[in-house]
Amino acid sequence: MSTNSLKASTNSLQASSTDRGRAGDKIFSGISLAAGILILAVLFSVAVFLLVQAAPIFTADPTEVTGGNGFAPYILPIVIGTVVAAAIALLIATPIGIAVALFISHYAPRRLARAFGYVVDLLAAIPSVIYGAWGYIILAPQLARVYTWLAENLGWIPIFAGPASQTGKTILTAGIVLAVMVIPIITSLSREIFLQTPNLHEEAALAMGATRWEMVRMAVLPFARPGIISATMLGLGRALGETMAVALVLSPGALVGSLVKSGNQTIAAEIALNFPEAFGLRLNELIAAGLVLFVITLVVNMIARFIITRHKEFSGAN
Amino acid sequence: MSKRIDVKDLNVYYSKFLAVEDVNINIEARSVTAFIGPSGCGKSTFLRTLNRMHEVIPGARVEGEVLLDGDNLYADAVDPVTVRGQIGMVFQRPNPFPTMSIRDNVLAGVKLNNKRMSKSDGDDLVEQSLRGANLWNEVKDRLGRPGSGLSGGQQQRLCIARAIAVSPQVILMDEPCSALDPISTLAIEDLINELKADYTVVIVTHNMQQAARVSDKTAFFNIAGTGKPGKLIEYGDTTTIFNKPAQKATEDYVSGRFG
Amino acid sequence: MSANQMLQRRQSQLTRGHLPSYAVWVVLAASVVLGAALASLVGFSVVGWAIISAVVFVLAATLVTAVAEGERKAKDRLVTFLVYGAFLIALLPLVSVIWTVLERGVPGLSYNFLFTSMNGVTGAVDNEAVEGGTPVLGGAYHAVLGTLQITLWATLISVPIGLLTAVYLVEYGSGKGLTKAITFFVDVMTGIPSIVAGLFAAALFALLFGPGTRTGFVAAVALSVLMIPVVVRSTEEMLKIVPNELREASYALGVRKWRTITKVVIPTAISGIASGVTLSIARVIGETAPILVTAGFASSINWNVFSGWMSTLPTFIYYQILTPTSPTSPDPSTQRAWAAALLLILMVMLLNLVARLVARIFAPKTSR
C-alpha cells in the first residue's frame, strides 16, 4: 500500500491533468442543474405567489367580495360555467378529434396523410385571439339563428330554453369555439398513438378477413385507449384554461341553465375581462380565481400524465 | 510512443452486479493483443475499463489496478480525460462526427480540446494521420466533405485516423470490423498490422480467424452462465491458444468455431 | 416493406367490393336532390341543404351497402363516411377562419397600417374616416414593436433555461430522482393556462415592485413560463436522438464532457433544437391573455420593456374588437383588427415554415 501511494505521487497521468478543464465540467454541469432546479422553483413559486396574492380574499369581509356573499358564492357559478364550456367543447371535439386522427393514420391516402397532418397542425397554430374574433364576428351571428330555432322548437328541453340570445354570444358558442381549438390537440396526440399500433396486430386482424373498421376496432382502438383518454384529458385542460375565445365570444352574466341564452361566465374570461381595470381587493379576488383555475387544470393534467406514464410502462415503450 | 499495460486483480461492477472478475494480464507494448470469447463474457466491458470508458455508464466501477507503464489509471486524482488522451479507442460501428468534414473529424481530438494549431500544422497532422490509417489516397481530394459520406470501411479508417491524431500510446478496438464487409475488413486488418509498429493495439473480436490473423497474443474470456461474472480463462501467444490451449474451455471454444 | 403491406391492404379492400364503383355516386346524386327537397321544406339555407344531403347520403349509402353486401361491409362503410366527414367538419373552421382573415384583413393591410401607431387616433378621427370616406388612419406599428420586444425577451429568458435543463435531463441526470421530478413538472407546466402564467408574473412583480407594475418585461416573464416547457421538451427529444456513439467517440479522444456536449452533441442536434425553439416562439407570439394582465395596453410606441405599458398584436386585436376606438362607428377598428389578425397569422405561419426549413436544411447528413 505504501509503495502504491509513493508511485501515485510520480504518476505521469496525474501530472498532466489540467484543472481548468475540470472546472469547466463542474461549472457546466452546475449551471444545467441550476436551470433544472429553477424550473421547479418557478412552478413552485407560481403556486406560492398565487396563494400569497389570493390570501386576502379568504379572510376578507364577505360583503366586500363581488356579489356581497363571500368568495365561494362568487367563484362557484364561474367554476360551473368553466366546466360546462369545457364539457361542451369535449363533447364535440373528442369524437371529431379521434375520427380525424383515425382519418390521418388509417384512412387517408398515404401520399396525402402527411399533408393532412400539417393542415391539422395549422389549426393548432392559429392564435386563440383570432379564433375568438372569428367566433365573435362570424360564428356567433350565424348561430344566433340556430339558437332562435332551437328555442322555438326544442325550448321544452331546459338547456334550449328561450328566449335565445339575439347576438349568439352564449356558452354554447364558446363551447363550439373551444372545440375547434381542442380538436387539433386531441388529433395530434391520438394520431401518434394510432401510428404506434403494432403492425402485426393490424395484419393479424386483416388476415382473419376483417374489414378496415373491424381491424381498427380490434387492433387499433384497444391499443390506443389509454392514449385517447389522456389526449382527451389534455384537451380538457386546454379547454378549461382557454381565455380569449371565451372572453370574446361570450357575453357574460349570471349562471343560467339554458345554453342558448346569454349569461354564464368562465374563470379565465372573468380574469381577462376584469383584471386590467381591477384594483385593491378585486385584484386579490381575481388572482384567487386564477388559483382555483390553476388547481383544476393541474389536477386534470396530472391525471392525464399519470395515465400516459402508466401506459408507457405497460406497453413497454422506450 | 507506445506503452505497456499491466492489469492487476481487476473486478468490474455495474452497480452491484459483478460483470468481470479478477483479471490479471500483461499487455506488451508494440504488439497486437486480441480478446476473444462468447457474447456477454465481459471482453468488451473489460476493454472499456482500460481507458475508463466504462465510467460513461452510470453505476459502473472497478476494483484493482490498471497500470500504464507503471502508472495506475485508477489512482486518486487521475482524470479519466487524461487517460483517454493516452489510450484511444475505435468502436464497433464507425462513428464519424456528422457535423464535421473529413479534415475536422481527424482534427476533432485537437480542436474539441480547444488547442490552437496553425493551418499548416493542422494540414500536416491530417495528412500524417490519414496516411497512418491508409486513407489518405482515397480522401485527399475531398477533405472538406462530410465524413459521413464515406463508405463504412472508409469511415472506420477515418475513426482510426481520428484516434491516432491525438498521438495515443495505446489503441483499443472494440470489434472494429463487425459492421464491415470482407474487403473493408481486410483493409482494417492490414492497417492493424502496420499500427503495431508504433502503438500497442488491443482488439476485441468475435471472429477467431481475425484474431489468428492479426494478433500476437490472445486472451480467452468466458462466462460460467447468465448472471455470473466473466473471467479471463487463458492468455498466451496466439499460436499456442489456437493450437495447444492449456484449458479445456479454450479448446472447446476455439475448435468449436474453427471446425 | 411497410409501404408494401399498406398497398396490399388497400388493394384487398378494393378487389373485394361487390357494389359497382358508380353506385356511390348514384346514391350521392339522389341524396343531394332529396336533401334539396327536404331543406326547402324546413326553409333553411344552403348550409341546411348541405347538412341534410350529407346525412341522407350517409344513411342511404349505408343502407344500400347493407342490403347488397351485408351488415359487416355496411358498418365498415358507415365508419369510413364518418371518419371522412369528421375531417371535413374539422376543416370547416380552418377554412372559414383563414378566409375571413384574408378577406377582411387584406384591405386594411397598408403601409400606413404597418408603420403608424394609434397615437392621436381618436373616435373623432375614425368617425371622419367613415363619414368623409377618407382612408382609415392609425395602425399597429406600436403593437408589432411590442410583440417583437416582448417575444424577444421571452426567448432570451426561455432558451438558455430550457436548453440547459434539457442538457441536464439528458446528459447529466439520467436515472436520478430529480430528473423524474423535473420531467413530470415540465409536463405539468405545459398545461398551465396562459392566463394563470400571466397572473403569476403579475403577482411576482406586484410583490417585488408594488401592485400594478405592468411592463413589457413582466409580460416576457409570463410568456417564458409558457415557453420554457416547450423548449425543454423539444430540446430533450432532439438531444436524446443524438447517437451515444458520438459521445463515446468524443470521450475516447480525451475530450471533456462539457466540451463534448457543447461541441459535438448540441451541434449535431442544433437543427432540431432551433426548429423547436422557433415553434415555441410561434406558440407564444399569439398569446393574448397573459399580455392583458401583465403589459396593460398602449396606443403609442414604447421602446422600453422595463417601464410603461405596451401593446402587442393579440391585445391590439382584442381591444380593437371589444372596445372600438369610436363606439359609434366601429368599422375602422374592425378593419384594423382583421389586418392585425392577418399580420399575426402571417408571422405565426412564417415561424412554422422557418422551423420546418431549419429542421430540413441544417439536419446533419447521416450515411444511414
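Labels A, B and C are assigned to the chains in the order they are written; within every chain, residues are numbered from 1.
The criterion applied here is as follows: a residue touches a chain if its C-beta (ideal position, glycine included) is under 8 Å from a C-beta of that chain, and two chains touch if they have at least 3 such contacts.
Please read these numbers as outputs of a predicted model, since none were measured by experiment.
Asks: Could you run down the chains that neighbour chain B and chain C together?
Replies: For chain B paired with chain C, the chains in contact with each are A, in label order.
Asks: Report which interface contains more C-beta contacts, comparing A-C against A-B.
Replies: A-C
Asks: Going by average Cα coordinates, which chain is farthest removed from chain A?
Replies: With centres defined by C-alpha atoms, farthest from chain A sits B.
Asks: Compute the distance, rounded to whole Å, between the mean C-alpha positions of chain A and chain B.
Replies: Distance between chain centres, rounded to whole Å: 52 Å.
Asks: Taking each chain's centre as the mean of its CA atoms, how far is chain A from chain C in angstrom?
Replies: Inter-chain centre distance comes to 14 Å.
Asks: At which residue positions does chain A touch at least two other chains?
Replies: 21-22
Asks: Residues of chain C that touch two or more other chains: which are they?
Replies: 256, 259
Asks: Multi-chain contacts only, two chains or more: what residues does chain B have there?
Replies: Within chain B, residues 81-83, 85-86, 113 contact more than one other chain.
Asks: Given the complex with chain A, which residues does chain C contribute to the contact?
Replies: Answer in residue numbers: 2-3, 5-6, 9, 12-13, 72-73, 75-76, 79-80, 82-87, 89-91, 93-94, 96-97, 100-101, 160-165, 167-169, 171-173, 178-179, 181-182, 184-197, 199-200, 202-204, 206-207, 211-212, 225, 228-229, 232, 256-259, 261-262, 282-283, 285-289, 292-293, 296-297, 314, 317-318, 321-322, 334, 337-338, 341, 344-345, 348-349, 352.
Asks: Which bits of chain B are touching chain C when the two form their complex?
Replies: Listed in rising order, the residues are 51, 53, 56, 58, 81-86, 88-89, 91, 93, 95-99, 108-109, 111-114, 146, 148-150, 152, 155, 159, 162-163, 166.
Asks: Applying the document's contact rule, which stretches of chain A touch chain C when the two form their complex?
Replies: 21-22, 24-25, 27-29, 31-40, 42-43, 45-46, 49-50, 52-53, 95-97, 99-100, 102-104, 107-108, 110, 116, 119-123, 125-134, 136-139, 180, 183, 187, 199, 203, 206, 211-214, 216, 234, 237-238, 240-244, 247-248, 268, 271-272, 275-276, 279, 283, 286-287, 290, 293-294, 297-298, 300-302, 304-305
Asks: Which residues of chain B touch chain A in their complex?
Replies: 68-73, 75-79, 81-83, 85-86, 113
Asks: Report the residues of chain A in contact with chain B in the complex, numbered from low to high.
Replies: 4, 7-8, 11-14, 16-18, 21-22
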